[in-house]
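This is the structure I want to talk about, given as structure tokens.
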Amino acid sequence: MNAYLIQNLTWKEYQAKAKDGILIIPAGSTEQHGFHLPLGVDAIIASNFALRVAEKVGGVVAPTLTYGYKSQPSSGGGPLFPGTIDLNGATFTSLVKDILTEFLADGWQKIFILDAHYENEAFIAEACDLILRNPKNAFPKVLLGNWWDNIDPDLLAKIFDEVEFRGWALEHAAITETSLMMYFAPELVHQELSIDESFNPPTYQCFPLHDSLLPSSGSLYTARSSSADKGKIIVDNVVEKISSFLTKEFSELS
Amino acid sequence: MNAYLIQNLTWKEYQAKAKDGILIIPAGSTEQHGFHLPLGVDAIIASNFALRVAEKVGGVVAPTLTYGYKSQPSSGGGPLFPGTIDLNGATFTSLVKDILTEFLADGWQKIFILDAHYENEAFIAEACDLILRNPKNAFPKVLLGNWWDNIDPDLLAKIFDEVEFRGWALEHAAITETSLMMYFAPELVHQELSIDESFNPPTYQCFPLHDSLLPSSGSLYTARSSSADKGKIIVDNVVEKISSFLTKEFSELS
Amino acid sequence: MNAYLIQNLTWKEYQAKAKDGILIIPAGSTEQHGFHLPLGVDAIIASNFALRVAEKVGGVVAPTLTYGYKSQPSSGGGPLFPGTIDLNGATFTSLVKDILTEFLADGWQKIFILDAHYENEAFIAEACDLILRNPKNAFPKVLLGNWWDNIDPDLLAKIFDEVEFRGWALEHAAITETSLMMYFAPELVHQELSIDESFNPPTYQCFPLHDSLLPSSGSLYTARSSSADKGKIIVDNVVEKISSFLTKEFSELS
Amino acid sequence: MNAYLIQNLTWKEYQAKAKDGILIIPAGSTEQHGFHLPLGVDAIIASNFALRVAEKVGGVVAPTLTYGYKSQPSSGGGPLFPGTIDLNGATFTSLVKDILTEFLADGWQKIFILDAHYENEAFIAEACDLILRNPKNAFPKVLLGNWWDNIDPDLLAKIFDEVEFRGWALEHAAITETSLMMYFAPELVHQELSIDESFNPPTYQCFPLHDSLLPSSGSLYTARSSSADKGKIIVDNVVEKISSFLTKEFSELS
Amino acid sequence: MNAYLIQNLTWKEYQAKAKDGILIIPAGSTEQHGFHLPLGVDAIIASNFALRVAEKVGGVVAPTLTYGYKSQPSSGGGPLFPGTIDLNGATFTSLVKDILTEFLADGWQKIFILDAHYENEAFIAEACDLILRNPKNAFPKVLLGNWWDNIDPDLLAKIFDEVEFRGWALEHAAITETSLMMYFAPELVHQELSIDESFNPPTYQCFPLHDSLLPSSGSLYTARSSSADKGKIIVDNVVEKISSFLTKEFSELS
Amino acid sequence: MNAYLIQNLTWKEYQAKAKDGILIIPAGSTEQHGFHLPLGVDAIIASNFALRVAEKVGGVVAPTLTYGYKSQPSSGGGPLFPGTIDLNGATFTSLVKDILTEFLADGWQKIFILDAHYENEAFIAEACDLILRNPKNAFPKVLLGNWWDNIDPDLLAKIFDEVEFRGWALEHAAITETSLMMYFAPELVHQELSIDESFNPPTYQCFPLHDSLLPSSGSLYTARSSSADKGKIIVDNVVEKISSFLTKEFSELS
């Protein structure tokens, strides 16, 4: 039984943590991740990062948002791929808004939304803005972050030792996500099925989407040279970085 | 790795099942369940039932809806309890509608929503109606059911051998849910903390809610005489019953 | 001229009652009710109960909600029947929310919504919750109730003297509604057209709906043995019960 | 029993009329109408006009929309008056849209919405446009009209024999509405309470509204010289005119 | 560089005006205006009036709303004409609501919405009502007006010297709008293309719209006898009238 | 009179272009742009780019969206700055959806949305997806692009000759926008007021926003070394690039 997950706590145990504790809400998706990774990659990565941050800062973790906003062709493959089960923007924003409203009503002062699906961010930020735009007090405070913006730039050289880094937008089902999955859930990685995709996204978006603007596998870039070790390097670095700014932003209160 | 969960499948594996397979979507909640059960009871019960039905009928299971519609005082304890994290009706309906729309777009013809949180049903039905009201064809077909309506009435005597059955509305955190949890996830049951609640719900609803219309523990009825054995009896019976009507309703197609 | 109906009052007369009075809002539907009852059954029953409760407790009655939420197959026959004119959930919730907001702005402290269409309740409760979730004060207070939950269980034996009681869900266009109509509006009852329906609803819902899950007449159960006398028995009992809890819940204020 | 009202019909009787018949939906409001008229004026006038038109053209009448869009200060008195119970624009549009959608699904080809509350019209038209903008066929066809635009201009001299006609916007609780009420429901008219209001509305709107932009009684103009005879003159003329264009617009089909 | 337009100001310049200044928001449309006038007529007229009022009262002008609510057949020609690009009611109301909310958050106390597209008004008023219904204070105050309600009645004789005035609803692409355009933007007027339309609008609305209820040119009435001189007469008069009531309504504060 | 702007065309002129022409919709914002640039920067840049692309490809330009989605702290300064007048996500998406729906109904097959406000893109894409997700045909086709993704990477060295390029997110009111304004509308640039801002955005977002996460001027990076010449270089390059992909994507049809 993992006592960091609020779903495993009774309401009395949960209530005891709300006043001073840190609540982490992982946000993922159900989305294609190439030939070699499963649909749950973003949810699995978000959940695992959240648990490690919770351990580090003494927080608890809410149920993961397993359905997210729409996958985009140039950063996730888009809606033409089977298994990409996305929410409309209004729905996803309402979902986040309702959940936040409820947690705030329970007295949480320090909430962190840990996102692992890039396309979620504009709509999570919209939800947060709708609730907390007018700063009545410094707290309650909701922070929103992801893992890729919290990797030390110096680390990139270690991760992209064999393959050139071409920007985070292409890291869908590529080296970083594959390495993280090899570290967090190796049994779900079929590295033998990955192919050396190297997709050049267009400089514009097209509606309706057509196939020639998409990679055939669903990966946006090669996963070659991925490893659990690289996954661990990323995790250690990101957990450290996130814990550090959580501590800073949340310290004004306690 | 559980291969019944679509989050563990690649998009190619998932795609192969969509045409003829059965998709089961478990719907739960994050809600107080008395002193002795955790917040995740409904989600855990829904997920476990879904897996067993999937095994039986050869289906797969979508990510569980872990946040649901609002807990009601007379069947779940209501919003005054900490840890009850509920969605507004419009949000929950949109959530179900978007997900169903995406699964139908992927070609699924046979979908079953397995609910374990009573209050969800009106809003899930609304979502289904908004999508599938006008019967163009017999398929795609979406069925919606729960576990309590699919228990053989004869079985009630076995389950309520020490305690009188007072209706399903009161079975929140009581014998049946406690027994199911003792069977599915015994490590999450703190039977020693349960108390002998026997709540008489009013014949009306009151807004705003006040404490005198609520049980203090959050349980609506006693959990005394619960057991993993009773949990197993329920599970075996319900899985049989659900599998049976899924087979009947979905057989017209294949 | 019925002076219990606010539609018959000038704004000055209305204003004089708002501060201390009780306002009753009847909620019905426009829905098929078998071969022998008219589409307006729920609205007619709600309006008549409301008037009698108003007389008893000294309240006034708002215009009846004559269009309601969607009829369900297992408790009302559903959308396949002509004459069933239903609102979407979001619309019905907004309708109730707007009306309540306006009455509260006029200063009413004691409001009772008297429902006679089962399917309305989840969406009326949603509207009330959206307005009054956070209890600033004990008042204004909105109560929501129906007639069937307020019948004395002992009375059932008298009503179901010839026919077995099979649960309220089946009482659509059956003995209780027919008896109430024979008492309230006998000229609208075509008892000679009623047939001995005995519908076994499925243990699940199906979308799109198909005919084999529906009774052919639209009644869910027999209306045999209905009578105006039985109608009167129900009315007397329910008006007494409702008046009693209105007095209790609303007494804290005046 | 009034057999022109669909609420009094069984679903079989209703169904028989849908294919070729004309359905009339009266739209009113719950709104202050000065010292001498009740809150229900618009609903009562709409219902009565609808019944007479139905008799004339052989149609049936749906339940009246008794709550309407917001009363405006310069044509109805506005929200500061008690007893003015208004819907938001989005709600009222959804209400009309849902009802129309249901009636169209039942097969009605010829629908007339008869409005007696000026402020309703923009939002009813919006609902109709959202459903029927793209003309697939000439039918189904929905017409929207009111009584004042269908009075013969020559008749105005007879009605305004003692008092000058100052435009329809000021005819709120004034001569025409008072005369119609004296004809339709004389027991609800307290002519002795009416005062000689003569309101000069501003050439702009102001938010928030302030008292100096409003008449104190709620009437916008005098009701002096009203009479049941004038009411009858209006009714005869309007029913004739409406029946005439209904026949013309709906004749293309049958 | 026009310093009356806020789009030309830096945020520091803008901020300096918010506390005591008057903000004018012009509301137009993109809509057909007959054979001789361009799609932008309403936006151009609104913008030009706004600038002149701003000069007169010392205010500033926000970016014009160039897309408006739906053109109606009897006052603007309606949706069947190409180039009529309209917003749904809910969208237009949200647009106005969001913009007003932001301006109010910046501290503006005196806002005037100057409309030049009749159909906009119900939906702008709805937006204002949703924000400012409950009068907490006299300020902030939002006024809503147009140019036609602010023309001195005596002036009509001068403008309609050759042609009879048949009501404002028909003044779409007719004498007044043509004259205003000849004054504000003569290079956009193709007077040689105008035809002598004289449209008799029906006394009801019809959905779906059919051609026989529309003028062929899109003008609702003749533009004959239009002139820049008449345009100037209107402008001088309206700017005077609007400035006068702005001064009166806004003077209570400063 | 600029004949590339549809607001200057009559409906007959407009209609003649819809069948084969290209329609360009510029999307901007009303947002602070530092001490030296006006609130209208994004709208002005979008409009000017649109006109030049229209000249090049023979298209026309719709009225600019002058109010956009919310400015974000790390790419635009955010809501704490006066003059930042933003729409909620749902509003902006509806606005784009309604306009596109209308243009498509007028027969346009080739539409390009040219964005100059980064934060708009997720919500414009959402609108396009809601309308055109299911590819019935290759056309109508809507493309969405901006100017910064269409700058030749080789050009960056010329523009950032004195100052290091630190990513597009920081180019708010910095060298590229200032240079574009010096080229398009030099009279609106107060270069003397610009200061050498060099903002380090946090790796997370914070709600409510606090000042220490913001640059004081509103610029995110220095505008030093900006020039009209650099503006021209960008414009020439971007217009070429955009025209090129418009021609390619739209050529399949004509």
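In this document, chain identifiers A, B, C, D, E and F correspond to the written order of the chains, with residue numbering beginning at 1 in each.
One rule holds in what follows: a residue touches a chain if its C-beta (ideal position, glycine included) is under 8 Å from a C-beta of that chain, and two chains touch if they have at least 3 such contacts.
Every value quoted in this text rests on a predicted model; they were computed, and no experiment measured them.
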### Rotation angle (°) superposing Cα atoms of chain C on chain F, nearest 5
180
### Task
Name the chain whose C-alpha centroid is farthest from the C-alpha centroid of chain E.
B
## Note on the structure
Dup interface of C-D (contact pairs over half shared, numbering-based), picked from E-F, D-E or A-F, is E-F
### Task
Could you give the separation in Å between the centres of chain A and chain B, each centre being the mean of its C-alpha atoms?
27
### Message
Report the inter-centroid distance (CA atoms only) between chain C and chain E in whole Å.
### Response
48
### Query
Among the residues of chain F, which ones contact at least 2 other chains?
79, 88, 90, 105, 134
### Message
If the ring is traversed from chain D in the direction of chain E, what sequence of chains comes out?
### Response
D, E, F, A, B, C
### Query
So in the complex, which bits of chain D are touching chain E?
70, 72, 79, 88-90, 93, 119, 122-123, 125-126, 128-136, 138, 141-145, 149-150, 202-210, 241-242, 245, 249
### Message
Applying the document's contact rule, which stretches of chain F touch chain E when the two form their complex?
### Response
1, 5-12, 14-15, 18, 30, 32-40, 43-44, 62-64, 66-67, 79, 81-88, 90-91, 94-95, 97-99, 102-103, 105-107, 187-188, 190, 193, 218
